[in-house]
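The two complexes that follow have subunit A in common; it is paired with subunit B in the first and with subunit C in the second.
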Partner chain A sequence: MIDTAAFAGAVAMLAGSLDAWVWVVPGLLIGLVFGALPGISVSMAMALVLPATLYMEFLPAIIFLTSVYTGAGFGGSIPAVLINIPGTSSAVATTFDGYPMARQGRHNEALGAALFASCIGVLISYLVLLLLVQPMAEVVLRIGPYEMAAIGIWGMVLLGSIGGASVAKGLFAAGLGILFGTVGMNTAGYMRGDMGIPWLLDGIPTIPAMVGLLAASQLFALVNAKFIVEAESERRISLRRILAGGAMVLRSPLTLLRGSAIGVFVGAVPGIGSSIANLLSYGEAKRSAADPSAFGKGDVRGVIAAESANSSSEGGSMATMLALGIPGGGATAILLAAFAMHNVIGGPRFMEQSRDVVYAIILSNFAQAAILVVVGTIFVYGASTIVRLPLRYLIPSVLVVSTMGAFAIEGSIAGPITLFVFAVLGWLLSRYGFPVAAVVVGLLLGRLIETEMLRAWQLAGGDPWYVLNYPWAVAIVALMLVSLALSVRRDIRRRRAVRDAASPG
Partner chain B sequence: MTTTMHGPRRRALLAAGAGLVATAPAVRAQGFPERPITLLVPFATGGYNDRLARAMAPFLQKHIGQPVTVMNRPGGATVLGNTFFLQQPDDGYMMMVHSAAPFIPVSIITRNARYRVEDFFMINLPSRDATVLACAADKPIRTVEEVVASLRRDPRSLSVGIQPASADLVNFALFCQAHGIERSRVRVVTYDGGGPARNAIAGGVVDVGLVGAEGFLPIKERIRPLLIFSDEKSTDYPDAPILTEHARVAGFAPQFVEGSQRGFVVASRFVQAQPERYRILLQAVERATKDPDCIATLGGQQLATTWYGPEASNRAYRATSALMERYAELLRGN
Partner chain C sequence: MERAQAPRQPAWAELAVVTALAAGVLAYLIEARGVSLDPQNLLLLQPTAWLVLGLWVVIAAGCLMRRADPAAPRESAGEVLRVLTMVAAFGLFIAGLERVGYDVAICVFMLAGLLIGGERHPAALLLFPPIFTLAVVHGFRLLIPYPFPTGLL
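Moving on, here comes the complex of A and B:
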């Protein structure tokens, strides 16, 4: 499946051009910084540097942009781990276990694990891309509303009542999130719940709402604490422990591979992308673990699952962009715009005529993943110093940066207002023991499920049995039901065992 | 509009004749523009308007003598961008690159936007897109006649992918009406954007679909164009039958609305308040559009550089708006 002549051409292209290399490290650093700033998404970081690429040659321009993409993909996990605020929407699941790890003083390990899982995820995804770009793009294009809805429901079932002690409160929180997700115009053109406010026409701004919910629920809970990490002896920043975190990734190959597979595939589906992939991967890792109750309390496997999935989405979304010229999300849309600026039209013809350039882009991304290990370690080393910062300085700074990020992403006061409203809501919810994470999951998945279910219904013309024409969707739902039944049975047994142990005789 | 424009325009022409030499620095000597110009795109990055704005920016810059930057303000089917634009001062430092028709009238009809069609003034709308009826290349459907026969026999026999509140939907309704197809029973699947609709058609998720033809060009090989809603042959799809021909054979009067008409837009208020500045902008857009380098560069990116001028562009914009108003009930989903 690899065209050897073109492959050799690609190697020569990269080996013979200094231009293709000088932009990698700056690109990664820009991506890391913007990815780490809450509110600035991967695609915004790329849009910001897009004008600069106009003055570069085509290949260096694309390599620069993909470096930013790779860097930002990991950058989002830094604030997710250190302050429970995902830097991008694709790092939501990273907060679930990364932040508890940080509070226990294991921030070095958490960031190391996130970094290595990200780098290996990128590597795996581009390896898949190298071998399977064409067939993968073909499969992904055929995924219709039934399959997408099944994927969404799968995620909802896995994560619906996440993070709560009470199932009822978890379901309430998830339901609230889904309701928030339905505000705005639906895919059939009907307006719901916009209250006449033009800023709500497209729905509640997701990222400010998410940052508000997660930041408020945690930062207000920290009011009496002096530092994120309570124990002074644990506040050290240690290269050895960052690398030890990396080693943990290698000891959980199954979690890593499953996360990468989910990321490549789900990330490749246009319109779904990495923010769904990292939730799904986390949910799957938790479900299939022998001890699911360890998740959410600082289990490194949660970080690995989330980070391997969100970074491997990069390779997945590149597949449809390179093979079909279809952008799967904001980041690949910017790449396509960069293609256009250099008078290159992405798509099947580009793949055929410039196979060597495509290989060069892929090979350069292998190198980027490797370089990210080094650049990322240095960056993480610097960024973790914030655990030494007293919270009375850290919390206001985080709130200011989040507010600015919310303004930047919406380009108007609607962002900060959303942030504020959802911060209050997040505080209220966590004050009364509702899991805020479930609201975020509902917000992210609710819209997807609603849109796709509506389309499925339209496609069926109202016939509920029409779903039988879509074996893959049926298979996903069936698998989900079986695994659900198994875990319910396991829970009942465990509970019975606990009860028997508690009341002997 | 044209009558009210006469006075200021004539005055502007006189000014141009008296003082201005046809070079950019001379234009600037008048005091405008003395800072960068912003092109506001009411869509996200990567779409046609965004690409058009970014591709035109360097040429506009060359002919206006000031840097030209692009700003995206997507949301609410352009309501957010349009509202923001009208809130700006009438100083000429911002122009829009917009699918003005049908997006402005449609946003008024379906989103209860508070501006009016007359609030916007077209400088030039070089890109004219037509609705195409298409299916995936590997579908068994070969001709538009097969689609008609199938839908007449049983309206539920084919699923149709379409954007709600779009010119494509109006065209589909007119098409069904002409052929006596019961539209309310057709399995219409809605997509909120041209991109998702095209993916669904190209992937065969829906049997057929109606969407703007230009966006399909990068994946032309994957689809089979069955009918173009236009009265002239498309240069991009020379083999695709056009509606007027199809209607003649089928024996009905052809009726259709134009797809997206995209290009440079300013506020009508600005044109009236600042005729000299409007004149400078108009001249810069015209020169940039006719610049041979620009034509070559944009041509390579499959972007249009036709010069229709304000009169023809405003006429087309008003005509589409009037048609959309006529089908307002349909667009609102009733």
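Moving on, here comes the complex of A and C:
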């Protein structure tokens, strides 16, 4: 499994090159800052620093870019916890429990848990990459549209059926999200719901809509509050409590390992990536918990599940990129571009001929994860001061920065308009007990599910029973139906218990 | 009073919101069916729209049958008005971005946001909006590759 000669070569390469190390901390810091800015994605941060790598040697350049990748992977969780804005789409599920924890004055613990879950997630994913890079890549190649569609629907149902005040409201919100995700031109060329607006042909801009639904709507709801954390004594920033949050991660090894496994696998599938891994992991953690009702109200396991999955998807996507030369998403596409800038072609031949370099990249990522613990703790300590800011300053400031972030994505007014429309929608939905998160998940997954279903339909020539040739897809759908049935049963039981408790005698 | 015995109090506002959303979904379904009845157009869209419309019936019935909950927290009219003012100010800000320029719109919205939030200190109202605008406009000019219209800066 490990080529020991190449491994020794990688150790020697890293030990003998100062250049390979000096870029790690700057890369992590750049990633943390850009990841924490709403609207600036991981790939955008990497694209911004890509030209700077042109004059570096190949290995330091790749290590610098992967440091930005690692830093941004965690950076997105900071605004997710503190102000309910997922800095990147891979931090959506972090908001579900991270923000309620912050509002309860447990922002130190939430950020500590997110940081440690991220670092351990990165470590696990690169360990898997070190041991299983080749077999993983072969499994990934066998995943077709049936399996992809089933994974998308699975994530949808896990969240849609278990959030909100009732299953009906959860499914209503999830359905709305899916429909939003289908707006525009689909892969078969049909244009629907674009209302004659040219920019809607590409679909509803996802990030502005997501920030509007999750963050701006919450900010409206906070207009009458003074601070994010109401109790003054809870607004303290404490290193001890950040580290206590890290210790909580170690006390939830199952959630951590399950999240990391989902992250590695889903991250390795091209086109899915970390934005879905965190949702699937959160949904699974909630579904399998003895007390699922605690999720969404500030349960640290929700933060651990989301963060371990989104950070470990980095290792998964690196596996596909290194072994097959296929970028799983924007970030790995930038890495491949950096390969090309140095006249290196990723893929099986690179794996065979430069195995020592591959091992050096992997080993450097172990070190990056360890250094991120220190750099991230210092960064979190500074970023946490946000809870001390009065909301009368924070609300308009965050709305303005979110608007500029929404503009930054496409460079047009489309982003800010989408942000506003979805902010109002999110505020109305959350006011009446609909799980806004389910709309976000639907929006993220709707387009993917439709695209993969269309591919599957075309493959089968319109025969629905053709799906039986894909047992894994059938198994995922069966699991999904069982999950849905259990959720409905739990909802009915809960209502019955409430009615029995309320009736006299 | 026990909740089961409480008088009926339909949730009209919630019913209006959920009905408006369902109406939007129905309009979308009709428009999509007008484009084409090909399964490749309606494969996911149509069943999802029917599901949402079916759920509307369940949720609307729940809104009409709702009983009053004396324990539920209530917002004052002033609190609701303040939120609506912030929503309106944000809407005007977005509408004004391209018309008056990003810098002017940001500065005016910051001032409005501070006033809605309850800030009354003259120095804060005079200094914070322009300084914040300056930082945001210059910061984003450095960060993003697209130009954005400005009135003054």
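Odds and ends about this structure:
Operating definition for what follows: the second predicted complex is superposed on the first by the 477 of 505 C-alpha atoms of A that agree within 3 Å, B and C clash if a C-alpha of one lies under 4 Å from a C-alpha of the other, contacts with A are read in each partner's own complex, and residues count from 1 in each chain.
Methods note: contacts are C-beta pairs under 8 Å (C-beta built on N, C-alpha and C of every residue); 3 or more make two chains touch, one makes a residue touch a chain.
Just so we're clear, the structure is a prediction, and the values are computed from it rather than from any experiment.
Look at A:Pro198: by the touch rule set out above, it reaches subunit B but stays clear of subunit C. By the document's definition of touching, of the two partners only subunit B reaches A:Met341; subunit C does not. With both structures placed on the common chain, the touch criterion links A:Gly144 to subunit B but leaves subunit C unconnected. Shared-chain residue A:Gly411: touches subunit B and subunit C both.
By the touch criterion defined above, A:Thr182 reaches subunit C but does not reach subunit B.
Judged by the touch definition given at the top, the superposed model places A:Gly16 against neither subunit B nor subunit C. By the touch criterion stated above, A:Tyr190 is placed in contact with subunit B and with subunit C alike.
When the two complexes are overlaid, the chain among subunit B and subunit C that reaches more residues of subunit A is C.
In the superposition on chain A, A:Leu459 makes contact with subunit B only, not with subunit C.
By the touch criterion stated above, A:Ile326 is placed in contact with subunit B alone, subunit C being left untouched.
Subunit A residues 188, 190-191, 411-412, 454, 458 lie at the interface with subunit B in one structure and with subunit C in the other. For subunit A in complex with subunit B, the residues that touch the partner chain are 43, 47, 50, 141-145, 185, 187-191, 198-199, 201-202, 270-271, 324-327, 330, 333-334, 336-337, 340-341, 343, 345-348, 411-412, 451, 454-455, 458-461. The part of subunit B that touches subunit A in the complex is made up of residues 44-47, 50-51, 54-55, 72-73, 75-77, 79-80, 83-84, 110-111, 113, 156, 159, 164-165, 187-192, 195-196, 198-200, 202-206, 218-219, 221-222, 297, 300-302, 333. Contacts from subunit A toward subunit C in the complex involve residues 37, 40, 48, 166, 168-169, 171-172, 175-176, 178-179, 182-183, 186, 188, 190-193, 216, 220-221, 223-224, 390-393, 395-397, 399-401, 403-404, 407-408, 411-413, 416-417, 419-420, 423-424, 427-429, 432-433, 446, 449-450, 453-454, 457-458, 462, 499, 502-504. On subunit C, the positions that touch subunit A within their shared complex are 2-4, 11, 13-14, 17-18, 21, 25, 28, 31-32, 35-36, 38-41, 43-45, 48-49, 51-52, 55-56, 58-59, 62, 75, 79, 82-83, 86-87, 90-91, 93-94, 97-98, 102, 106, 109-110, 112-114, 116-119, 128, 132, 136, 140, 143-146, 148.
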